[in-house]
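Once you've had a glance at the structure underneath, I'll fire off some questions.
Chain naming follows the written order as A, B, C and D, and within any one chain the residues start at number 1.
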Amino acid sequence: MTTSKLMDMTDAISRWVVDGCSVAIGANLETAIPFAAGHEIMRQEKRRLTLIGPISDILFDQIIGAGCVQRVQAAWVGNVITGVGYNFRRAVEQGQINVEDHSNLTISMALQAGAMGVSFLPSRTALGSDLFATNPGLKFVTCPFTSQKHAAIAAIVPDVAIVHVQRSDLFGNAHAWGNMGITREACLSSRNVILTAEEIVSTEMITRDPNRILTPGFKVSAVVHAPWGAHPSPMPGYYNRDHAVFLDYQTQSRTPELFASWMNQWVRSISSIHQYAETLGDAYLSRLSITHHDYSEPVDYGY
Amino acid sequence: MDTDSVYTRSELMVAAASRQIADGEVVFVGMRLPLLGFLVAKSLRAPNAVGVYELGIIRDTVASEPILTMGDLPNLYRSQWLADTRDTMSLLQQGLVDVSFIGGAQVDRFGNLNTTLTGSSVNITTRLPGSGGACDLACLAHRHIIIMAHERRRFMPRVDYITSPGYGDGKGWRESVGLIRGGPSAVITTMGIFAFDHETCEMVLTSLHPGVTVEMVQEQTDWPVRISTELSQTPLPTHQELSTLRRFDPNGYWTGK
Amino acid sequence: MTTSKLMDMTDAISRWVVDGCSVAIGANLETAIPFAAGHEIMRQEKRRLTLIGPISDILFDQIIGAGCVQRVQAAWVGNVITGVGYNFRRAVEQGQINVEDHSNLTISMALQAGAMGVSFLPSRTALGSDLFATNPGLKFVTCPFTSQKHAAIAAIVPDVAIVHVQRSDLFGNAHAWGNMGITREACLSSRNVILTAEEIVSTEMITRDPNRILTPGFKVSAVVHAPWGAHPSPMPGYYNRDHAVFLDYQTQSRTPELFASWMNQWVRSISSIHQYAETLGDAYLSRLSITHHDYSEPVDYGY
Amino acid sequence: MDTDSVYTRSELMVAAASRQIADGEVVFVGMRLPLLGFLVAKSLRAPNAVGVYELGIIRDTVASEPILTMGDLPNLYRSQWLADTRDTMSLLQQGLVDVSFIGGAQVDRFGNLNTTLTGSSVNITTRLPGSGGACDLACLAHRHIIIMAHERRRFMPRVDYITSPGYGDGKGWRESVGLIRGGPSAVITTMGIFAFDHETCEMVLTSLHPGVTVEMVQEQTDWPVRISTELSQTPLPTHQELSTLRRFDPNGYWTGK
């Protein structure tokens, strides 16, 4: 067995997210967004990051608002409930960040190309669109069999993928369930993977269901125990979306001053996900808990 | 048809959207109003419709509880497949999706949609969230339906940026850029409903919402609006449509105004 | 809900496997090989089929021996325990079938291209090999970003995929577990899917674990109840490999006469998987059963 | 080193193969002898090696019971990942696999392997099973090791068909055809072990199995064999290697002769 990769969030972000690196985060689109990890990136005042994602949650908007970001390679940046991402809008309009526009399919293929170890993949999407004008990772390629024109999507290989999972062992063998978004290709394409997990469990519990394992453990560089680490997004098996946070964020991010105030309260004044959960309090959090449980039927991996 | 006397414009639009879905169709369901349109259709007249969501979800039943967005857990519960975004996009690219719904910030008379930026890509006036899956849906579904607020600044002769291709600059354009199928089949706005002329691929007003006139539509449209010879009035939402819709949006978050 | 797709094997094969069509079968490589379905194809004396697969099990050799096949698109045809597939060898050497040689990666990409709806996919494999000489579905393509040479693999869209699963509902919503081989892409690329299943279960049991579902139910054309339907290959959760059958088959297929005798006994004289299992007998089959059970930990899909 | 006086040639080859695996390496494990070689290595000197199997299996522990082939259920039990073939092939193509093992029917002095057909592709003498994953392993692993029976009809100047590329016709060939890494690093035969000359990419005899002479090797090799200046004797399998190997192949199915 390899040695344990368990570390606290401070160490994981400090070690694997360095200034100027590229980070795939929020790859599940709307669920399991690694807010705790993102907030630690903001606290550590990382700079010149490239953020990579599909439809990205308000976490992108927050990290951009904190001044950590230089470039975005994503399909959509905003608030999945209310629409506009104000920090994103400001940063682009003021020329502070560059955006390479993707669609959900092209960003998925870019990471898939990285995961597969090819330098591009073809697709029939985006043809005729202006995504080609704002994304140098899109060109054209002709199929050698049909002579049909395809979009060619350049591989993206992030320096690190950050993924929030339900349960992991000490070595990065983890179970993930729910809609998967582009998480699998993000893990496989990235040079390093940080897993933040609701629970740390035994290897035995994980390997009793190897089809549910997210990615090979040897790809994982750090494992962080982060219960409530996806709040306010929904975490299948653990808690529902905290809609109020998304609705309130619309106002809280409308101006730089309001956002600074929000960040002081919810990021800078907080040292860890554990303190974050304490601040919210049990009574508050319990309202988000799963109340209508629905368990999968076990399957047998015996011999 | 039985109708409620009181309904919102959004409720009318959702009801109209829901009628675009035929039973048994595979529907790529977008965010916001389309989500509700699919739920109403599935409940009332398309029980065998299948919903595909870009998060990596396929459902052939409606969500068990009201949801604000497709990633809310009741929309995952007892779904027909939880998979990767690329799985859902593969179904789309393969041609297995009949219809999709998308919204936009700007649209032009050939149904090109912009949700990325206003101004130009080198001199951005306003940055918008971007494509999400909209570009893919507009390129790859057999048809797509556009849902928009009808304002003159949004209905412009030529969009600033094509996020989601419609018919480009007219007939033959999609084929010429390499698109192998699809195109917008309808635009449902806050004022009426448009179809597309098969010959010219231009938007044609086919239906006015109650209380709206052709003049009012022209006033809010920055090109000379073509009017169908069979212009009709958009049917009111039925009582059943409204009660179904309100069951899925009980607090009127999406349709309350 | 759609109407039930449950039918018996005779009807499923009769309706969905027609003379001259292309069939992806045995896509799991070594496990869950749909022997019962393959034997029905042989009984119904289908002709001019194209068989599509990766490392293919002796089922390919058997279907070829029965004279059903005109073309093979596969990475490997033989006996995974003993090596040579004698019917395959004879048929090729006598010019009765054409082979388009694939590797496991190229056949996976060919079906993946079909599944993704693109006409080709690029890969870095097979370059410099003679697979290009025997497979018209392999050409070259230059990456528009890196100018690197890649192999271009043409999409394959089978008329039908035949897959043996652990459990399915009446509508083709099925759970599959174990190593997946190229089964997912076979299902997604094929025009029709026949599922043969160890058990027919409720939709509720299936949808309580939607991550374990193989493929969207609307892609499935027929569901067949076929307990022991993968014998003699191993079926995760149900039974182990019957090694003796593979060892004996080496001798039983060495000459056309020996193979005819084997086929008379095990295919022609048998009408269904149920009779096949009866013929083997409970005592025999029980020796293959799972004795060391190992159940997955349930997960919660509630809200 | 302690050795058993009695061992088979296959056991010697498996032991030699196992010594090619360094601790912590990611190994793409093929069928037959390589399967045993990996299990022996993992048990004795490479506890952190990870095994990747083309069926869609990754293991960082040895199978819980003896197996005849990689698809036997004990090789799935408590594995580190059960996934798709393309997932394992993606790891390989991405360059995450250090070493792989393949066998063949014909090999030439540049390590090109044939497992597809003898004669020619238009006039086939003998049809063999084909590539399986061997072509991929030879193209995409950082290095691969060839395990073969050493017979003159198999060790030929030029193979009839390149299933799994070695060094083609010599130095620079792999790059010229577009291969971005890899190549054979050793050939373990029933008679000895070969490495490859870094300058010429030709096979060089580096080790003879006990009882084998250079003349015997030349007799069974249809080109002038190059001999290393540091020719040695293949170490005998140790007692520990033999007992481990026999635990995984208790009936001697693979190594009994």
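Operating definition for what follows: a residue touches a chain if its C-beta (ideal position, glycine included) is under 8 Å from a C-beta of that chain, and two chains touch if they have at least 3 such contacts.
Quantities reported herein were computed from a predicted structural model and do not represent experimental measurements.
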Between the pairs A-D and A-B, the one where more C-beta pairs touch: A-B
Length of the line joining the C-alpha centres of chain A and chain D, rounded to whole Å: 40
Euclidean distance of C-alpha centroids - chain C vs chain D, Å: 28
Distance between the centres, which are taken as Cα means, of chain D and chain B, whole angstrom: 57
Numbers and ranges of chain A residues touching at least 2 other chains: 116-118, 123-124, 140, 148, 150, 177-178, 180, 208, 211, 236, 240, 290, 292, 294, 301-303
Junction residues of chain B - those touching two or more other chains: 64, 72-73, 76-78, 82-83, 86, 92-93, 140
Contact graph of the chains (line, ring, star, complete, other): other
Pairwise chain contacts, counting only pairs that touch as defined: A-B, A-C, A-D, B-C, C-D
Interfacial residue positions of chain A with respect to chain D in the complex: 1-2, 114-118, 173, 188, 204, 207-208, 210-211, 213, 215-219, 301-303
In the complex, chain D residues that touch chain C: 31, 53-57, 64, 68-73, 76-78, 82-86, 89, 92-93, 116-117, 121, 124-136, 139-140, 161-165, 168, 173-174, 177-180
Residue ranges of chain A in contact with chain B within the complex: 28-31, 54-55, 74-78, 80-81, 83-85, 88-89, 92-93, 99, 101-106, 108-109, 112, 123-131, 133-134, 140, 148-151, 177-185, 233-234, 236, 240-241, 243, 290, 292, 294
Residues of chain D touching chain A in the complex: 26, 47-48, 50, 58, 60, 64-65, 72-74, 76-83, 86-87, 90-96, 140
Chain C-touching residues of chain A, taken from the complex the two chains share: 116-124, 137, 139-141, 143-146, 148, 150, 152, 154, 166, 175, 177-178, 180, 205, 208-209, 211-212, 236-238, 240, 290-303
